[in-house]
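Quick one: structure below, then a few questions.
Letters A, B, C and D name the chains as they come in the text, with residue numbers starting at 1 for each one.
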Amino acid sequence: MRFFSDNAAAACPEVMAAIAEANRIDAAYDGDAWSARLDGALSDLFERPVETLWVSTGTAANGLALAALCPPYGGIVCHRVAHIEVDECGGPEFYTGGARLLLCEGRGAKLAPDAVEALIAEIRPDVHQVQARALSITNATEYGRVYTDAETAALGALARARGLGFHIDGARFANAVASQSCTPADLTWRAGADALSFGFTKNGGMSAECLVFFTPGLAAAAGYRRKRAGHLLSKGRYLAAQILALLEDDLWLRNARAANGAAARLAQAAGADRLLHPVEANEMFIRVTAAEAAALRARGFDFYDWGPGEARLVTSWDSDPAHVDALAEAIRVL
Amino acid sequence: MRFFSDNAAAACPEVMAAIAEANRIDAAYDGDAWSARLDGALSDLFERPVETLWVSTGTAANGLALAALCPPYGGIVCHRVAHIEVDECGGPEFYTGGARLLLCEGRGAKLAPDAVEALIAEIRPDVHQVQARALSITNATEYGRVYTDAETAALGALARARGLGFHIDGARFANAVASQSCTPADLTWRAGADALSFGFTKNGGMSAECLVFFTPGLAAAAGYRRKRAGHLLSKGRYLAAQILALLEDDLWLRNARAANGAAARLAQAAGADRLLHPVEANEMFIRVTAAEAAALRARGFDFYDWGPGEARLVTSWDSDPAHVDALAEAIRVL
Amino acid sequence: MRFFSDNAAAACPEVMAAIAEANRIDAAYDGDAWSARLDGALSDLFERPVETLWVSTGTAANGLALAALCPPYGGIVCHRVAHIEVDECGGPEFYTGGARLLLCEGRGAKLAPDAVEALIAEIRPDVHQVQARALSITNATEYGRVYTDAETAALGALARARGLGFHIDGARFANAVASQSCTPADLTWRAGADALSFGFTKNGGMSAECLVFFTPGLAAAAGYRRKRAGHLLSKGRYLAAQILALLEDDLWLRNARAANGAAARLAQAAGADRLLHPVEANEMFIRVTAAEAAALRARGFDFYDWGPGEARLVTSWDSDPAHVDALAEAIRVL
Amino acid sequence: MRFFSDNAAAACPEVMAAIAEANRIDAAYDGDAWSARLDGALSDLFERPVETLWVSTGTAANGLALAALCPPYGGIVCHRVAHIEVDECGGPEFYTGGARLLLCEGRGAKLAPDAVEALIAEIRPDVHQVQARALSITNATEYGRVYTDAETAALGALARARGLGFHIDGARFANAVASQSCTPADLTWRAGADALSFGFTKNGGMSAECLVFFTPGLAAAAGYRRKRAGHLLSKGRYLAAQILALLEDDLWLRNARAANGAAARLAQAAGADRLLHPVEANEMFIRVTAAEAAALRARGFDFYDWGPGEARLVTSWDSDPAHVDALAEAIRVL
């Protein structure tokens, strides 16, 4: 019973059907009808003209976004546990040509304007020090917290005031939207974001992420960068088809709601004392003894340890309700 | 009727079945059973232990291979029309951190040892000039020619003598093997190659290439580079499954033979006078007047112009025999 | 008797005096009075506000200029024998983060607009190919030719029309100016140049070059790049002092005229038949048999062979008139 | 009265004389007699064969050393206040092609093996995280502390055990040696160091640092990197001459002893309560109120504030004894 990562989930039936459909068509690179529709579909979703690039991984989307927003000699403010810092093997450095991540603290992997301001204030404004040029947050965060539209807008205002490009790593953006009543637009460009790595792979896709540029003029250069990084797939129609299938009839939101709902059930079972962070999306971090963790595993639940005495459990669009119920019960009786 | 690129072909049924199968399994990144089998399957094929990395594009495979073989301050000898020079938007420069392509001439996009030696002889052996550190050939070439095992070995001997890493861009390696009686081993490591970008996407895959290292010790660093470049897909099982499906029962060879056979029929129809290069794989370059090209297009044949008075026609594993016959006839009556 | 390179010449007395003077002052990096005066002194010379950065080598100046004008995924049009191509070990690739040099032909190492246009016309305007983003010429050229203001302006107009940044490698800019009646302004920004690597080292300096930006806004980023490349010397006052000393009372022009005059005397002695290129600055390329070259060397003249049957002879600000006369005579009697 | 940086000190008379001498000789790049002697002179000093490269800044020396020891996808363990982290504008990232600095804590800017081990232990040994590949320490440190030979050797043993390249930023290596009884060899290769950035600029040079490789085979690649970074000065003889002049008769040690002695006198005056760190080299960090700092400045002493309530005072080879005495007295009476 898989709770170790939404990365390992299956592609949902609609995505598989779209891939099968894309297999009937001749077109190379992004010269297909699906790719042509992508900008429009996402412009509709975000209620404004956007420019988009499909890629197959979040690391690529993040790297391309950061290269668009930060020069090689600049710094990117992010959380100490941000995926771009701890899980991409230096992808941002590679894509930007040597920019530096400037690490900020914050509970639940969330950044607050105060902390960002304090970090920037420590940098001498001269050529000897790496100057902050971009800000990157993850929504939902690596600890399953979400930024509200107001929180995002506060960071966006800071970014504008400080001349920072503003990027959102949305590997679980769907889960962040699904957990709130505000819109994708509210959580991005209305809050000042320049670019979003919009994740679909964890949410029912096979291998498809969408880099969305809200600020005009950034996409053209990113298109060249995507090509030279080897991310312009020669049969890109399969990627575009996945994304369109997930956008269709808000499937992406329904998938995310399913994952969030499962996590909420687990959180209720765990109880506040056991939770390391409020469960707002599809990840739960709990305190467990080694014995408790072993007991859960003995019952067939697969999950990651997250430091001593802590565990991470992740639900996904296809989390089996029976497995979720069983896990909830198992946690309850720990 | 598509003859403009094998890049646009469908994925073959066995690949689609493998993808469907991979959709039933839980595993993240390359932690799945298919990925685990890849080294073994390719070691069998190449008759020696090899280390492999799946990636989703040839540009990524080439970039990773070249980064493994050439330092940032080195040069990579390749043909003037090599894909790495003309069709990857500077991918090699990006992956290597600024190495330079050193361009060599040769008919049919083939390099001969004499030409490579002459190019190297022009380089002053001092720190002011970029020194050749790697050699990259494409087999089958960008003009549909193939290197024999002997021709490859002659270049391999040169590479060894000159201290050059030796890379083969095998986007159409299957077609090169299928057109000859020698083995994959003969065309690679027995001939001195260090690394092969083994293409599957043009040959019945959806989006899957396999970077094969023959020289021990290169794969570990390439694994880190793949990750930071965003090419370690979180659901890599779909890629591994494609490759294994194509290796199974030599499907890759059967697919390539089908494509080569179709091109041979077209070549026979075209006749020697019209051919710009001997047709040895699945690409045909012919002389056509603008009127002739228009006539072919009017009949529904889709292909690329390739300079004034020249056209490229590419067959693929799924070229419809009826389309091929129709095109052969249409060319014959031009 | 040195005629092998102006690179090897001494620093002139005024420069040595300025260095001694700079040794009396306390200041770190570019916080000294000389550095502070540099922008003004060069703005005066160029008859408009410019921003400048001292560096210690032409390779650094060129790299910083090109990084300011060309993105990592772009191409830099230059001559096949340009110093940035043949003598900087990939410096432009290093500084730009992997841009590519796009090589153009032209007699005497000079580029003509037609040739540049033809090269650009060959590039498909899509993301698969490296697009031209900058143009770099060398004045005086690597073969001792000079661009006139009109020739430069023609290239500048092309650059503007094609959206290319326009850089001039002026390692021997002084010699180019000294050989003509037009002004430094005429040969640079009035002709459309964005940046000039203004060389002083070959012209009486010890180790000092000045990167001059005519286009506002480029210098700030270049300042960060200079620092991270290790070219912000901690005792920069010695560099600024050298440049100011050479600008004082047009010493740079007098030095260049001395070098040019010596070369002209040699050219007259050589005669038109022997000259491979018109001698317009301080370099002379001549046809010599191996026996003739040996004869010259036997008499104590030191110079470089420049391919079979060819030799390069370079004069400098400090070429001893007696040596020049002796060489002229020796060439005459060959 | 300058106490703000040894960076601003004059070049010592012997260095100025050597520069004048170098001005009499013809030679380009590193083809001069001084450059040719450098390896030998430093091999003598270090009691083993070493390979060396002159450069004009410590940032360049550090960048070249780190590029030799750490791949682009690796990490460099260093102190949080290391010069490479806080004062080189991302130079290490630029030179290595995107490696990451992994920051470690330690009093007085010193690293201890325990802290380094703890940092490495936190890194998951997989391709998702940047793996430590090099260790860089600064001796004397940025807070004026020194590593003993035993302390260095403990770090060297750790480096060897963990497969890390070991670099020493010796911008003030002379001061570190001068403060102890052990030899340059003891503090470097005998302690396991692969490379040393040996600083001369702060210690009586004009602009000259020496990158010393103890591990055979590293210098060749660094030579290419130096060239493409624009640090192979065309008149390198002036740099080599400076270094040789400072090595002659241990002038470098005498200069460093002078600076250290001046700092010791200041430290005695300050007293233990005021000192933030023991004064072991030529830097003193003290607690001062704003009023006290103002009082010192009113008397003509120039120095840096170093955070609130703290000041840095730096002596140099040419600190005027009268100034030092005056400052000591001024501190005493605060």
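A few points about this structure:
Definition applied: contacts are C-beta pairs under 8 Å (C-beta built on N, C-alpha and C of every residue); 3 or more make two chains touch, one makes a residue touch a chain.
Worth saying up front: this structure is predicted, and the values here are computed from it rather than measured.
Looking across A-D, C-D or B-D, the pair that copies the A-C interface, with over half of its contact pairs the same by residue number, is B-D.
Ranking every chain by how far its Cα centroid lies from the centroid of chain C, the top place goes to A. Put simply, the C-alpha centre of chain B and that of chain D have 49 angstrom between them. Inter-chain spacing, taken between the CA centroids of chain B and chain C, is 42 Å. Centre-to-centre spacing of chain A and chain B amounts to 34 Å, using the average Cα coordinate of each chain. Shared interface positions of chain D, i.e. residues touching 2 or more other chains, are given as 72-73, 88-90, 93-94, 97-98, 127-128, 224, 227-228, 232. Touching chain D in their complex are the following residues of chain C: 2, 4-5, 7-11, 16, 19-20, 23-24, 26-29, 55-63, 88-91, 93-94, 201-202, 206-207, 224, 227-235, 238, 302. By the touch criterion stated above, chain C contacts chain A in their complex at residues 71-74, 97-98, 127-128, 131, 221, 223-228, 232. Of all residues in chain C, those touching chain B in their complex are 72-73, 75, 86-90, 93-94, 96-101, 127-130.
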